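For reference, chains read A, B, C and D in written order, and residue numbers begin at 1 within each chain.
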């Protein structure tokens, strides 16, 4: 498949919600290690908002914008702003009802750009950025033409990035104050965002 | 021994304090069944006041009066008023530095009379009165001339009275609201007062 | 270091003295220690007004000393944890506040408190001190229409004190105060519910060992029970049950003005208390009753027990006006209107 | 009936909505719901004055909505349990309070809150709404002289809000308010200590499982840790350690005027808080510092966790005056002087 239609994109969101819901407790428990134990609840709430809003979407820009605002109406802590910013950033770039592979890459880049306006966290800081940045970079750098293949490369990078957070010391978020004690657990946000990128690839 | 000297009386108080201290936890635990679990603390505090004040006593009336007030300065709940009233009532009757057996009987009767001014509880209501009333009645009714024997009869009656509280339903104090649920435990105050009467006899 | 491993305390024997000292250091504009275990106002009320005094054990903070201040109490006589102060201490406070206008002693119906108060008043009489008592007996757990001797004094004493304190500040005579209070007494009712034990700070005993998932409506306020145990139900069901029992006792009429207080006794959060208040309010509303005075607060606690007391009162116009009057007591500050 | 068997709640999903509803029903003279999850004053402040607004998750009651009222906040934007409200909701509140004098948004330094506030302010800018932020970062658990980005916002936001609210009421401009607040920020420091877990009311998770007899100084306020665990010591030793750490950060000079607040976070009793206050006061006194403003209260809780926060601040004369000004916020009522 070379083009991303709006219907396929909606399927990607649906799949992400299903997969994230299945692992909700795991994400909350990761957050409970060094945070307040609610990341599972938060990411499920945020993704539920995406699919609810997406149902009425007819073209990318408006739908992504509405999804972004929909997420930000959720009371889901850090997650609502970060995921909301991601969708708003995608909306800044995407147009129409069907995206070429290049358009899709640009859309994800736009998402990352806007998340970066919300947080200075970089790779190595033990946050969701450890999944998001490698994922978007892999997507941008992919030489494949099949969108499933491109997204699969993104997913692989996201999962590797999330795995790497286990040995990191947290520099952002509630885990920051734990210092060395934050080692030994995967970051909850990196775990859930990598799960989401994996679902995107699997949904196609 | 036919007369109660002030020194013997002080020994009786000392012995009561020692015996009550040894069973402090037991009295608190009885109180914890249907009350607030502090009767052991309370009765120890009250009896500590008696021996402390008695140390300076030179004749019965003044010493008993000072003991009564000393107890009432304690923050020991129901116990401070009941035991304080007991000593004030004894002070109302006792005189001099040595009491005959009859004087001693009258002294205990005076104590009971004053406690009765503080509470309407009677035998069967599951309070310290179940120990105090039989004890004083046995002392009053004793035909013995030896004060140890008289006090031993009082002790025996007090202990029997306390034992009988196990099957009673509480009508006074914090246990009252438990109704039928208050059955099956000895009343903490009956237990401690019977212990005290037993110590009085044993001390001679 | 104490043997009690679950509290921030020092030598358990000193808890009462130390907590009172900390309290008056925090609120020096309102309160000070008048003598050992006697908390008085920082600025005394004028002597031509009736002094309002209460007594009771510690361990219930902020009650009762938290309500000393302009517009509420003149003094609080404090016993040790859950223990009435001895009669001597109460008498000492009565001596301090001796005045022609008289002293009104607010006594919660518990054996220890009642006996201490009675004996102190006997002593005061001999010393020519004018003092009268008013007994509070708001607990209805012993059953609807139980004689007042069998009803314990729970946190309903606090709004009673607010009302009497405001009326005394206004210059009401001791007999007028008693009329105001006795008119409120039959119209005020309280029920306590608990779902978790607490630890006695001095002897370390676990008080009311309620298993997880079990609650008891009809608790006393020293851990002692008195109601019936039942499986824990939702906040709404709990609130509805309690409002129902309270209304059966008080028999309010549609249109009546009501006071509703949800008093946290320890570990139960303000979050839960607010959720309970919401349902109680709606239950009263459904009966045509008007909540004209509300409060969600820890006013009288039972150490770290989980649970709350629900206090309901029918208010006459003057009672409501007194509730709304100014008070600078540290734990019931009211701007006044 | 919820799966959480230790709390009086209904459907866990509704806790925030229900607690806010209960709260405004209890205090209708002071507060009301302006929109979903937005608590506003019952009687709005005049539009020529700067509006002071804050935001934050629920589960900390009475914070932060308990401080809405004359002399304190104009509005509080509420998230779900321990979760920042989304930026959209904050923006909605900013729209409601749009005014020429501007809006001051008080933000506690937590990722979620900061990001929500930033994005809401970006949206507000585009909509022509004048809004400025002030960040609070009073936690010193990350170490002495840590840069402010690494310091969390704890309960020190509450006296900050009291001061800013009083100054706004007086008609100070938004820039003047920021000057007043930023002058206080480096002079205020907080440490939290905990010794027992709490239960998240929605997912039932046990937060901070501290074994009996162990405490941790340097806690956050959502159960997250950050300090070091150590065996539980006496109240006096705990207080002395905390005062020492706070003073090392703040380096107050003998003769300085200080504010001392001991904030209970849940299951720790007023009795214990008062005992801790006593020792902290004496420690400050021994350093030649003058406690001119004190408070022992649950102002910001962490569910039923056992523990407390100690908040210390050096006060300039105007800060003290603003602390003493009138407020009718339900959980920080001040008569005013």
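Rule of thumb we're sticking to: a residue touches a chain if its C-beta (ideal position, glycine included) is under 8 Å from a C-beta of that chain, and two chains touch if they have at least 3 such contacts.
Computed from a predicted model, the values in this text were never measured in an experiment.
Any chain bridging subunit A and subunit B, meaning touching each of them, is missing here; the list is empty. In whole angstrom, the spacing between the mean C-alpha positions of subunit A and subunit D is 32. Look at where the CA atoms of subunit A average out and do the same for subunit C: the two points lie 54 Å apart.
Residue positions of subunit D in touch with at least two other chains are not found.
Residue positions of subunit A with contacts to 2 or more other chains are absent.
Interchain contacts link the chains end to end along an open line, per the touch definition above. Which chains touch which is summed up as A-D, B-C, C-D. Within the complex formed with subunit C, the residues of subunit B that make contact are 25, 28-29, 32, 34-38, 40-42, 69, 71-82, 84-85, 118-119, 172-179, 181. By the touch criterion stated above, subunit D contacts subunit C in their complex at residues 1-2, 5-10, 15, 18-23, 25-28, 58-59, 61-62, 66, 195-196, 201, 212-213, 232-236, 238, 260, 262, 266-279, 281, 291, 294-296, 298, 301, 303-304, 306, 308, 326, 328, 333-336.
If you check the complex, the residues on subunit D that touch subunit A are 16, 37, 57, 78-89, 110-112, 115-116, 118-119, 139, 141-142, 150, 152, 200, 202-203, 205, 207, 218, 220, 222-226.
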